[in-house]
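Here the chain labels run A, B, C and D in written order, and each chain numbers its own residues starting at 1.
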Amino acid sequence: NRGAFGVAAALLGGALVVALAYPLAALVTFTSPAAILSNATDPAVLRTLYLSVYAPLLATLLAFVLGVPLALLLRRGFRGQAVVAALVDLPLVVPHSVAGLAVLLAFGSGHAFPTVPVLGAMPGLVLALAFVSAPYMVNGAREGFEAVDENVERAARSLGANRVETFRRVTLPLALRGLVSGAVLSWARAVSEYGAVAVVAYNVSFFYPPAGERVQGMFGSVFVVRQLDVNFESAVSVAVLLLCVCVVVFLAVR
Amino acid sequence: NRGAFGVAAALLGGALVVALAYPLAALVTFTSPAAILSNATDPAVLRTLYLSVYAPLLATLLAFVLGVPLALLLRRGFRGQAVVAALVDLPLVVPHSVAGLAVLLAFGSGHAFPTVPVLGAMPGLVLALAFVSAPYMVNGAREGFEAVDENVERAARSLGANRVETFRRVTLPLALRGLVSGAVLSWARAVSEYGAVAVVAYNVSFFYPPAGERVQGMFGSVFVVRQLDVNFESAVSVAVLLLCVCVVVFLAVR
Amino acid sequence: MTLDVDVTGTFTDADEAFTVTADLTVERGETLVVLGPSGSGKSLLLELVAGFHDADGHVRLDGVDLVDAPPEERGTGMVFQNYALFEHMTVAENVAFGARYHENPRDADDVLDALGVADLAERSPDTLSGGESQRVALARALAVRPDVFLLDEPLSALDAPTRDALRRVLLDVLDGETAVYVTHDRTTARALGDRVAVMHGGELQQVGTPDEIFERPGSAFVARFTGANVLTRDSLPDAVTARLPAGERVVVRPEHVTLDPASADAGESGVLSAAVERVVREDAAYRVTVALDDAGTRLDAFAAEPPGGERVSVSFAAGALHVPRDRAKPEEGEAEV
Amino acid sequence: MTLDVDVTGTFTDADEAFTVTADLTVERGETLVVLGPSGSGKSLLLELVAGFHDADGHVRLDGVDLVDAPPEERGTGMVFQNYALFEHMTVAENVAFGARYHENPRDADDVLDALGVADLAERSPDTLSGGESQRVALARALAVRPDVFLLDEPLSALDAPTRDALRRVLLDVLDGETAVYVTHDRTTARALGDRVAVMHGGELQQVGTPDEIFERPGSAFVARFTGANVLTRDSLPDAVTARLPAGERVVVRPEHVTLDPASADAGESGVLSAAVERVVREDAAYRVTVALDDAGTRLDAFAAEPPGGERVSVSFAAGALHVPRDRAKPEEGEAEV
């Protein structure tokens, strides 16, 4: 009995493990490491990789600055909290291209910030990325804060630390894991984004330190798709490089 | 002191709430409900909506059948569990278009299933959706199972229920919330997908019950983008309709 | 410091409001134990005194009202059931945490040494046993020389022998300190309390010395909660109850019930006959449960030796019977648990 | 049913292996209490008997070895500290859960009635108090007429008065049943145990009747854990220890220590003089801690009345002193907690 149950579970579960692992293996083994490295020296690919890491970083920074205070408020509780918590989770279920369209309609020319270029520009890219990735930051921070035992903070207060000192010396260090994990997930989500970027801004001009000047570059996830019909092997190479960046960061957090 | 701290948090947090709510509001109010409804009667739009709900449903079903046993195994624990758990979470950080490319390389013509059409076909669409959404199913189910107190199951065993009966009468009912929430999140994630679909299969032929025959249709998130340059208002209408479907399901779970 | 508390606080949880109200004074150097069942509001009262919730009324320390002061300005030292140590610091850092906020803190090593845990100084809190954790938590509070110690069931999470050992430590530490100590355990209350306040349903039922609370409970609830027998007046013969004041219930502590071998005295004035139902050995004596012949009422008695036969004579020490002056809500919470 | 256990199980947590091994017999109708501190492996032993882990050795019920049988075929009825009720069922459904797997189950309503909680039948478990939950858990186990009751600290999560009330219920329920009862509380062990097994570090230290365990502890650990004074032989005068068997430690229970007003007897054979350090009222008596003059050794005594002065004479009842035959690892776990 135990046997039948266990074997069935192992077979079905194993199938899923294979189904998840096999595509990534197929991708990584499609081309040789040498080919990937030679593609990686192409200046356009390097600019793309830089943009794919840098723009999500800006988006995460934005999400961090705005999201950590929100997580604190959500933990403390306030009237209408349920509505705000639902709103924070909403981008998780909005179709990606719809999210892009929404950001475009909200912040595009003539809308919220008339003087900020959005369509096809860096601010638009960062805004779109922040929109889809902020929930990860807020939820990670919130879980981090909620894992801090209230009595531990009370002990600190009772020992003479005021609200700010208690936050700095007790709450923040204890919630740090949650904050970091939220930030990394938020960053990874931004790197992954394709739909919203494809709608709002995938080819943008940005300052590229190695060149010492502003250059034009394409966001990685879009570059992969655009390149498919042009140079399949180059597309795969960029895909593998992007995957490696994400996996390294992902493993670093776990 | 408390004041300054609170006001700063409220301002920053409030800014994020606005930044998340405003784009969705801008999208919904861009066009009139009447225009949306009139677009919704377009047969092509209806087919798109049907496909956007139906294909994710199939992907979720696949993820459910394979994912629930895997969640059970992960909860029970086994050698190499950490590796499998990491692998399950991996699709969460794989860039969406990279995921599509990986699925294409793994299951496309001449690969894993030589006789199953993948590129531009329904099986490919479902596989791509399942790849990106399975982690939500597995993690939801796993959380559901892990929330079941081990002693409650032990009590059932001690009262005479065997492993299967205990699962059916105790574990499953108590984990149901987690299973349902995992399935819905998985479905919502599949509906949202754009990148992988755009790479693997966005225009597919499928059986459409209202017409009683196979038709050609486009996946919603892709339809929105393709339609942007053709008919902006129709694109927005489909976006709003897709958003509504997702929001309704999302609110139903909470 | 003298602590003078007269506060009311209302807490809402899942749309149910619960009000805690208390009026009491803790004299300088006195330990007041707040005794009550789970859900009686005793921990919330402590949190009101510590300043973690908005409260109406006053919390005066040597006459200075602190009811609107933040927790860090109240000079309290708190100890919690779950220890609440700072997991990201060593034991020594935990104990030294409050030093910078106080003019004359105690040295961390000295305090740890005094509590017998000097060797733990460089350990991380998550490597400590329950008893060790609580000693460190106590050391941390001691280090800031608080005006008032507030202790929220510090022994409840510990196993019995550790609890006994730490109770002795607390007796030493709290000697001469002003303290409010919350517990559900009557033995701890009697051991540590200079005075005891019994709480139930968010209100104080009775405040007094341990002897007053245990020997002269103000209500049937207090009597039951402190381990006394609560009998109906009808279950005792008139000869026994004749001189008692009016009241439906009669309270007698098991240590004031005397059991003798069954004899012809039975039926005599003030001597009842009863059947032995159960004998259980406790620490210092046997707890004997007997059923009175006439009414079938059960009561407990302590005896140095187990009764010889199945039948005994029951008598009460002079002045042992007490009629509680039941307060407003006599029946509430009296149900057997 | 007679339960005959001789098992070894190894548990690995965070790369640390912990082995639990026990050899004991529970006679038909007998309650065996496994007494030990947190982390001693007593709960793991119960889980080995219940069949939740792989074990080497045998678990025989009336001679039939069940060591490889799944839990549902072992005929056990388990009660847990955290109640472990089925939250998705009503109380009545909880109690009726096992009926379909047994030929002659008890009626759910009858069992609930017998435990005084018939009125809870249609309630959801999450609306119950701790005491109510544990009565329901007990009813659920009772309903299947188990061959052996296995109880894992069923009273530990309850507050003191609820614990006392439920301990009385357990005395009735377990009367005549074969049961293994795990606890860290010596009072519960003495009240409920026909025999007591003391566990420490995954091994049984001593198995015996409560009197044997409490009066004749086999090791200093058992003595301390059961509340006895453990003294070094040197701290007592030769006149007192002369007739004792060889051994470094001398054990005496506080109830066998007699305190008398300080007198000229001091210095006489067998009478020691001491200073009173602390007097604490417990349920049945005063616990008096004294420091012996010569060695400064502290020991506890029970007294019906608090001592009159600061100095007392200490004497021991005949046969009260006991030298434990310490087992293999005498020092381990003896550190003060």
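Observations on the model:
Just so we're on the same page, a contact is a pair of C-beta atoms (placed from the backbone, for glycine too) under 8 Å apart; a residue touches a chain by one contact, two chains touch by 3 or more.
Note that the structure is predicted; figures quoted are calculated from it, not measured.
The minimum number of touch steps separating chain B from chain C is 2. Chain C and chain D have Cα centroids lying 23 Å from one another. The geometric centre of chain B is 53 Å away from that of chain D, both derived from CA atoms. Here the CA centre of chain A is 55 Å from the CA centre of chain D. Annotation for chain B: residues 2, 162-163 touch two or more other chains.
Among the residues of chain C, those in touch with two or more other chains are 70. Chain contacts in this assembly form a single closed ring in which each chain touches exactly two others. Chain pairs that touch one another are A-B, A-C, B-D, C-D.
Touching chain A in their complex are the following residues of chain C: 47, 50-52, 70-72, 74, 76-78, 80, 82, 84-88, 97-98, 100-102, 137, 140-141, 144, 146, 150. In the complex of the two chains, the chain A residues touching chain C come out as 149, 151-152, 154-163, 165, 169-170, 173-174.
Those residues of chain D whose C-beta lies close enough to touch chain C in the complex are 37-39, 116, 129-132, 159-162, 164-166, 168, 171, 184-187, 190-191, 210, 214, 224-225, 227, 254-255, 278, 280-285, 287, 289, 302, 336-337.
Listing the residues of chain A that touch chain B in their complex gives 1-2, 5, 8-13, 15-17, 19-27, 30, 52, 63, 65-67, 69-73, 84, 86-103, 105-107, 111-112, 127, 130-131, 134, 138, 162-164, 167, 185, 188-189, 191-195, 198-199, 220-222, 224-225, 228, 235-236, 239, 242-243, 246-247, 249-251, 254.
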